[in-house]
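Per-chain residue numbering starts at 1, and chain names A, B and C are given in the order in which the chains are listed.
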Amino acid sequence: MMQLIKDLWFKRRDIISDGFDESLEYISKIIPLKIHEIPSGTKCWTWTVPEKWSVKEAYINDLDGNRILDLKDHPLHVVSYSLPIDKVVSREELLEHLHTSKERPEAIPFEFKYYEKDWGFCIQDNKLKEFTKDKYKVFIDSKFEKGDLKVGEHTIKGKTDKTIALVSHLCHPAQVNDDLTGVAVSVDIAKAMGKKDNYYTYKFLFVPETIGSLAYLSQNEDVIPKIEYGIFLEMLGNDNIHALQLSRQGDTRLDRIARYLMKRNLKNFKEGPFRTIVGNDEMVFNGPGVDVPMISISRYPYPEYHTSDDNLDIVSEQRLEESKNLILEILNIIDKDFTPKRQFKGPIFLSGYDLWVDWRENLELNRNFEKIMLNLEGDKTVFDIADELNMKFEDVLGFVNKLEKAKLVLNMKNNE
Amino acid sequence: MMQLIKDLWFKRRDIISDGFDESLEYISKIIPLKIHEIPSGTKCWTWTVPEKWSVKEAYINDLDGNRILDLKDHPLHVVSYSLPIDKVVSREELLEHLHTSKERPEAIPFEFKYYEKDWGFCIQDNKLKEFTKDKYKVFIDSKFEKGDLKVGEHTIKGKTDKTIALVSHLCHPAQVNDDLTGVAVSVDIAKAMGKKDNYYTYKFLFVPETIGSLAYLSQNEDVIPKIEYGIFLEMLGNDNIHALQLSRQGDTRLDRIARYLMKRNLKNFKEGPFRTIVGNDEMVFNGPGVDVPMISISRYPYPEYHTSDDNLDIVSEQRLEESKNLILEILNIIDKDFTPKRQFKGPIFLSGYDLWVDWRENLELNRNFEKIMLNLEGDKTVFDIADELNMKFEDVLGFVNKLEKAKLVLNMKNNE
Amino acid sequence: MMQLIKDLWFKRRDIISDGFDESLEYISKIIPLKIHEIPSGTKCWTWTVPEKWSVKEAYINDLDGNRILDLKDHPLHVVSYSLPIDKVVSREELLEHLHTSKERPEAIPFEFKYYEKDWGFCIQDNKLKEFTKDKYKVFIDSKFEKGDLKVGEHTIKGKTDKTIALVSHLCHPAQVNDDLTGVAVSVDIAKAMGKKDNYYTYKFLFVPETIGSLAYLSQNEDVIPKIEYGIFLEMLGNDNIHALQLSRQGDTRLDRIARYLMKRNLKNFKEGPFRTIVGNDEMVFNGPGVDVPMISISRYPYPEYHTSDDNLDIVSEQRLEESKNLILEILNIIDKDFTPKRQFKGPIFLSGYDLWVDWRENLELNRNFEKIMLNLEGDKTVFDIADELNMKFEDVLGFVNKLEKAKLVLNMKNNE
C-alpha cells in the first residue's frame, strides 16, 4: 500500500484535474476500473459539476523582484480552484488572501475555493512576519475550462447483485491520510475480495470528494436500490485509534457488525452517530432520498489534517494493514451471514445428532448452544445470534452449519 | 377582561339559572354566540339535564326572630340547588346542614348539591360559635322547574373544518377565578383569532361545568370527529404559576406545543398527566368514546378556591394577559404548523439556493440546518423538528419556507 | 397429599418401568386417567422412545463373598438404565463406575444413563474408603426390552376447549420432592377444579420427565394449538421459598398473574426468566415450534436434590397446601378474567347507576374506579386493569360486573 501512496501523494490531485486523472489511470493498472466521465456543467440533483482547473505558475514577488513564495516549492502554496491573477496589491489586500494555520505555524494549510470564486495563497504562519513591504506583485496563472469529472469503479460480481460499496476519495493534492490511505486500503481489499467466491457484489469507487459521489449516484440512479450497505474509508495511516461513524440509520446489520468487530479485535476505538465524527462522501450516500446506510471508518482526528504535514512521515504500512484486516473481517461476516430457519420441533435430541458440545472443548459454545436453538425462528441472522449471545461469529456459524447439514435448519439466504 | 369579570362575578350563576342566562346574554354582545338550549330531562349519554333552580329568599332566625344568616348578604350563603325548607329545627339538625371551611374560617365556602337533593347553608367557620340556642327557624324559598341548560358557542371558520375547541365554564356564583377568568380570557382570544386568517376552525364554548359539555357533545355528536384538539381554560387570574394538565393521550402535538411554549416563555410552570391537576369539562372531552385530546391550562391550586375569597381582590389583568398571550402563541404554532415533504435527493447545494446560514446571523440555525434537511421525510411537522432540535419554531418555519419557495419541499398541509 | 407420597415414593419409578406404571395405576384410582401408551422406538420429533428397563438384583461383593453394596438396601444404589454386568473388576475400574455426592457424603446420589449405555452404582461418599481390596465382583441383573412409555392424562372440560395444561413428572425412584410433590399437588388441584364450572379446559399430565412430554405432544400435535398456557409443578414440599420461572415469552397473562399473586400472597419468593431456575418438561412445552407459554412453580433449589435425602423427612403437608392454594388462585383469576368493552360515552353518571364507591367502604376502589372506567376500550382484561392499578382482582371484577349488569360494558369472553 505504501508504494501507491508514495507514487501518487505529491500529485496535483484537484477535484477535476490532470493530476486526478493520472492517479486514476495509475490505479486502473492495479485493478481494472470502469471510468465514468461526467462533463462540467452536468446537473447532479441540486449540484452542478464544476469546471476543470489547472495552474501553471504562481508566485508572490516583492517589487524588487524577490520571490517570496513560489508554487514550485509546494503544491499547497496556491488555493485549489483559485482565480487567476496578475496584479500589484497592497500589503493589506495581500494578507486577506494569504491562508495560514495558527495551530501548525510551520506547515502550509490546504485551502480550496471550489464554488466561491476567489484567489489566494497558502503559507506557513511563521512566514507572515516576512511580509514587511507596502506592495507585492501576485501572479497566478490558473485556468478554468470544460472538463470531465471522473469516477473510477471496480466491480467484483457476487452471487447476487445486492451490492456493498466501498468509497474513498482520490483528491487533495500533496496529502496522504486524506485520503490516499483510504484509496490504498481499498485497492488492497479489492484484490483480496476478488480472489473469493462472494455472495454480495462489491463496488469500489474512487471519487473526487462529495461532488464525485453526487455525480456518480445522480447519473446512475438505477444502482442506488442495489446498494445495501456502504463503507467510507479515509485517513487510515496515522497513529490515532480507529473511529467508527455509524450510518444515518445507526443500527443496521453493518453498523452492528463493525461495532462488534471493533470491540472484539481492537484494543481501543471510538464510535459516534452519523455526522458526529466526519462529513464526507458518506453524507451523500446517507443523504435524503438516497438512504444507503454507509458507515465511515477512519482514524480521525489527527493534528496534521489539511496541512503539508499530512505527508509520508505520519503513515505506516502496519496501521494500514490493521485497518485493511478489520474491514476484511467486516466483509467476511456480512458476506457469510444468513438467516437460519428452524425445521424441528421441541428441544433437539443432541446426542442423536452429534450436536453435544463439551464444555472442555468450547466453553462459550457449551453454555450457549441451547440459546442458539431458541433463536432459529427466521427473524435473526447468524450474526444477530452471535452478537446477542456475545459469541464468536465463527462458533455460531459452525454450529448452525451442523444443524443445516442435519436438515434441522433451512438456510434462508440460499432459499430466498 | 377585568370589565367582564366585574360585571358578571357577583351574579347568581347556577348551572341552570337566570343568572347564567343573563351572563351568556352579556357575552353575546361582545362576540356573537349561537345559544344551544337543552331542556331539563334530556338524556345526555348516561346523564340527564337537571331542572332549573332559583332562590328568592333564604335565612336562619333564632326563635326570637333575630336574623342569624341572610342570603341577601352573600349569594354563597345558600347551597346551590338546595331543597326549599321552612321549619324549626334543633341546633343539632341545623349544624348538619351548615357548611364551613376550616382552612379559611373567615370565608363562606361554595357548596352545591346538584344531584343529592338536600338543603343547606354556607357560613364562615368562625361564626359557628354564635349558634348557642336550642332551636332555629330555617327558611329557603327555592324553586325547581323545567328549564333549558344553555351553552354559548362562538365559531371562527378556518380553511378547514378541523376544529380546535376552547372551553370555559360560566357557572359558580360570586366567584372569579373559577371560572370567569377562563371565560374572559376565552372572549379576548376569540376577538384576536377572529381578525386572523386561520387554518383551523375555532370553537369557543361557554358552558355550565361538566353537564354543559356533556349536553353539548351528546346533542351534537357529529361535531366530535371534527374536533382535533381542545383547551380548557380556568382559574387564570390568581398569582400562582401556570399548570399544564396534559390530555389523556398525553403526547399529542397540542400537548407538546403547550409544554414547549411554557418551557420557553414562562419562568416557572408545572405539568401533570390527565387527572392529576384538575377535573372539569376536560374530563368529558377526554372521556371514553369522545377521545378529544384536551389539555387544561390553569393556575390551580390557589387557597381561595371555592370560597367567597375567590373575588376581585385576587385577580390581575396582567396575569390574565400573560395567560392569553401564552394561549395565542399555542394557537399560532398549531395553526401555522405543517408537514414538509422532501422533493430533493442528496445533500442540498446550499450556495446554489442561497440557503447558507452564517453563524454570525443565527448560530442556532447555522448549527441545525443540516439536521433540518435530514428531517423532511414527511413524518414530522415543522413543530416536531423545532421541538426535536430544541429550536425556535419561527426559525425552522422560515428555513422550511425558503425550501418550499425553491420547490425543494412540498407543503403537505396545502396539498392534503 | 402426604398419603399419595407415602404410598409411592419408594417405588422404582424409572421412566419406562413397572414401578412407573403401577404409580400411574394408583393415581387413576383417585382421578380418572386416560393412559397414553407410546411404544419403545417411536420417533418423537428428534427423539426416540427408549426401551423399558428393569433390574432384579444388583450388588458388589469382595472376592471373599462379602456384600459391600446391595440394591435391596436402597433403590438408588444402581444407576437408572444401567447396563447389566457380571464381572470381576479391578478397584480402579470399579471406582470409575461408583457415583457419590461430595456435598452430601452420607446420602446416595441419584444417577441415570438413559442414552449413554453404561453401568454403575451409587453410594454414600463416606463409604468409598471401605473399598480397600484390589478386585471386586460386580453384578447387575438389569433388562432392556420393548415396552410402552406411559403418560396419564386427566381432562376437565370447560366452556371452551382452550386448554391450560398442568404437568408434573412421576419418575425418579425413591425421591419425594422431585417430583412426587408436584404430582400430589396436581392431583389435589384436579379434584378441586373438577367441582367448579370452568371457562378453560384443564389437562393434568403425569409424565416421565422430558421424554414423556415429548412423546405426548409429538403424538398429539393437534392438541398443541389448543393449549393456551401451561404450568409445570415440581419440588413443592421442601422448606425453601417459592420460585417462579417465567415462560419463554416471559410476559404472558399467566406470567403476570403468577407474579401478581406471589407478590400479594407470599412473604417471599424468587423469580427468573426461562431457563434460569429449572430445566424440565417446561423446556419441551416452551420449545421451538411448540411455543406453549409454560411457567414453572417450584421451591428449587434445596440441598437434598437428587439424593436419598430427598425423602419424607423434608416434606410437609402445610407447604404442599400453600403451593396448592397459590396455584388454585392463579387458575381462579385466569379462568374468571375477561375483556370488558365500553358501551357508554363520556364519564359515567355514577349516582344514576349506583356506582359511587364510598372511600370509607373501599378506599382502594374509591381512588381507582375512575381509572377503571378509562380502561374499558377492549384492549385490557379485568386482570390487566387490576395489575396496572395495583388493585385486588376481585374488587375490579366486582365493579366491572356492576357495569356489565347496567349494560355499560360488554363481556368480550362471553361474546367471542
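Just so we're on the same page, a contact is a pair of C-beta atoms (placed from the backbone, for glycine too) under 8 Å apart; a residue touches a chain by one contact, two chains touch by 3 or more.
Note that the structure is predicted; figures quoted are calculated from it, not measured.
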Residue numbers at the chain A-chain B contact, same meaning over half shared and different meaning under half, come out as different
Given that chain B and chain C share one sequence, their CA atoms superpose after a rotation (degrees, nearest 5) of 120
Rounded to the nearest Å, the gap between Cα centres of chain A and chain B is 59
Expected list for chain C, residues touching two or more other chains, is none
Chain C partner, complex, touching residues on chain A are 342, 344-349, 351-353, 370-371, 373-374, 376-377, 408
The chain A residues in contact with chain B across the complex are 44-48, 115-116, 210, 214, 217-218, 248, 275, 283-284, 287-290
